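Note that subunit A is present in both complexes that follow, paired respectively with subunit B and with subunit C.
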Partner chain A sequence: MTTIPAPNTPVVRPSRRTSRGNWELYGWVFMRASGVVLLVLIFGHLFVNLVAGDGISAIDFGFVAGKWASPFWQIWDLLMLWLAMIHGTNGVRTIINDYAERDGTRFALKLALYTAFTVVVVLGTLVIFTFDPCPANSPASLLPSFCTA
Partner chain B sequence: MWSWVAHRITGVLIFFFLLVHVLDTSLVRVSPEAYNDVIGTYKNPIMGLGEAGLVAAIVFHAFNGIRIILVDFWAKGPKYQRVMLWVVVGLFVVTMAGFLPRHLMHVFGGE
Partner chain C sequence: MTATLDKPDAQTAPAEIPSFQVTLRIRRYTPETHGEEPYWQDFTVTAHGTDRLLDALHTIKWELDGSVTFRRSCAHGVCGSDAMRINGRNRLACKALLKDLDPSKPITVEPIKGLPVIKDLVVDMEPFFASYREIMPFLITTGHQPSRERLQSPEERARFDDTTKCILCAACTSSCPVFWTDGQYFGPAAIVNAHRFIFDSRDEGGAQRLEILNDKEGVWRCRTTFNCTEACPRGIEVTKAIQEVKRAMITRAF
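Let's turn to the complex of A and B:
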């Protein structure tokens, strides 16, 4: 018969797996904090691009160039890009964890998700900061009016 | 329960749109012609209605997200979660009533 020494000794380390620390808690808080900021950023984005002026029918290169000539909209769009991509990627990660039951399926879906995240965030960030509103050799009719001024 | 399902569905929808949206906007880095060509193919009634659906998804996700935050952090949140769902529906209707006529006018009104 097995004897258990000091059976009532409190466990020194918690039995719960703690190697991931509070990562999931930070993720939970981030979803709520970024959600509030994204509401302001995206409603502003939708209003300026779809409601004000001639709305969607006015969107062309000149419109985008006119906005990104200003650091205000560069920062606005950069924040929106990063927050929305992290918020969305974390949301889809949760959904994958909930519905993809096989380990291999989960791994493949998350690999695709994180690849898409990296490509879109890097590409979007580069475009915002390396963008030239007045590219040479383009017809002036397609460019914002300040290019020729 | 259904608001939870709708939150997930609209979230995934918005996420996939976002991926495409960053890719098409990146065409401004290629050339004005490339960007205008692709955006031009979006300017038709079918895409116009798709944009209306996308905005509807975003508006619901945004307002229901605020409701989730209130349920989590406001002491009386869980008690009023059902009332707040109707507030979300009400705000959704008001917002879309403001947005839809103007957007549909831009889409169907011609140049």
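Let's turn to the complex of A and C:
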């Protein structure tokens, strides 16, 4: 007669659910962490642009060009762009998951969302790194006054 | 001295017990006689200040219309059979006093939301219990005990005391807006019952249960709207329990 090796061993059932891993957990933590960082970045951005120095009257093409000449503001704006876009996209993704019941609707909405995300992030990143207020070989009439051609 | 019954005073008859009329607007679904469309039906009954909504439902079923269908078992707030949506809020019919529900207006009574309605106020609880079974609501241990008692200090017992009070009435899960649109979500009740074992010092299946609830349809779908805490007839702090499970997962992952 055979004996059962360990009758009290708990049975581990294979689950019918598919999504495992810590993806949702990291998403949840990212939302909190990026939220805190964004608070600093956004209010810092608002203060520097609207309050510090000459305040809001200082903002013009030259002001933005001056900021992006410094790697510090390049990194600042890049971080702000990426964190805000990922944070917002993930938030809208959860809202779509919560409220769009039909598979087709959910797919279409997410497609539109990810397309918008990609366009904004790629375009924004491109502008931050390739921005040149005085491109060479441009007619002087199109250039801002501070460009010494 | 022998106790004697006071001589009844013939002059003063017992005062009339004050009663009032109350209208119940019941969401009915009776495909065998009224087709597939649910409809509202009003019933007016006489009630007393001590009557619960369940008493009014009994009066309707026993005296007005025997086809009105609802679940109830113990009728004292323990079995969890008669959760329903009363004036838009999930309550146990046996714990809701009519006088507290503003009887001057019709009281709406609907089946709990998010689960398939079978008839009138009776819903199919199977999806709810399937999620409950999935979190393995039983003690998991290793080794070949019991060879001795599994001792636990009062503090260890108090850690999960709140979540032991669940009666599986589904009032919380069917009040959750995430569950309404996504029937795959485990729901507050399943998480509460997982919490009851995850934080039990005698249980050794915590990691497995956390793994199950770390799913796309697990605790991360909770939006902390507190509908569940508000709906729970046992006063369990459901949202807090869900957040504690989240925290356990985060401390495990980092």
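One rule holds for everything that comes next: the second predicted complex is superposed on the first by the 112 of 149 C-alpha atoms of A that agree within 3 Å, B and C clash if a C-alpha of one lies under 4 Å from a C-alpha of the other, contacts with A are read in each partner's own complex, and residues count from 1 in each chain.
By our rule, a contact is a pair of C-beta atoms (placed from the backbone, for glycine too) under 8 Å apart; a residue touches a chain by one contact, two chains touch by 3 or more.
Just so you know, these numbers come straight off a predicted model, no measurement behind them.
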Looking at A:P71, would you say it contacts subunit B, subunit C, both, or neither? Reply first, second, both or neither.
neither
So, does A:L46 touch the first partner subunit B, the second partner subunit C, both, or neither?
first
Subunit A contact check, subunit B vs subunit C, more residues touched by chain B
Which of subunit B and subunit C A:F131 touches, first, second, both or neither
first
A:L142 in the overlay: touching subunit B, subunit C, both, or neither? Say first, second, both or neither.
first
Which partner chains sit in contact with A:G27 here, subunit B, subunit C, both or neither? Use first/second/both/neither.
second
Per the contact definition in the header, classify A:G104: touching subunit B only (first), subunit C only (second), both, or neither.
neither
Subunit A-facing residues of subunit C, complex
134, 140-145, 177-178, 181-182, 205, 208, 211-212, 214-218, 220-221, 223, 246, 249-250, 253
Which subunit A residues qualify as touching subunit B in the complex?
32, 35-36, 38-39, 42-43, 46, 50-51, 54-57, 59-62, 64-65, 68, 81, 84-85, 88-89, 91-92, 95, 116, 120, 123-124, 126-127, 130-131, 135, 138-139, 142-143
Subunit A residues within the subunit C interface of the complex
6, 8-10, 12, 15, 17, 19-20, 22-25, 27-29, 97-99, 101
Touching residues of subunit B toward subunit A in the complex: what are they?
8, 11-12, 14-15, 18-19, 22-23, 25-26, 28-29, 31-33, 35-36, 39, 43, 48, 51, 55, 58, 62, 65-66, 68-69, 72-73, 99, 102-103, 105-107, 109, 111
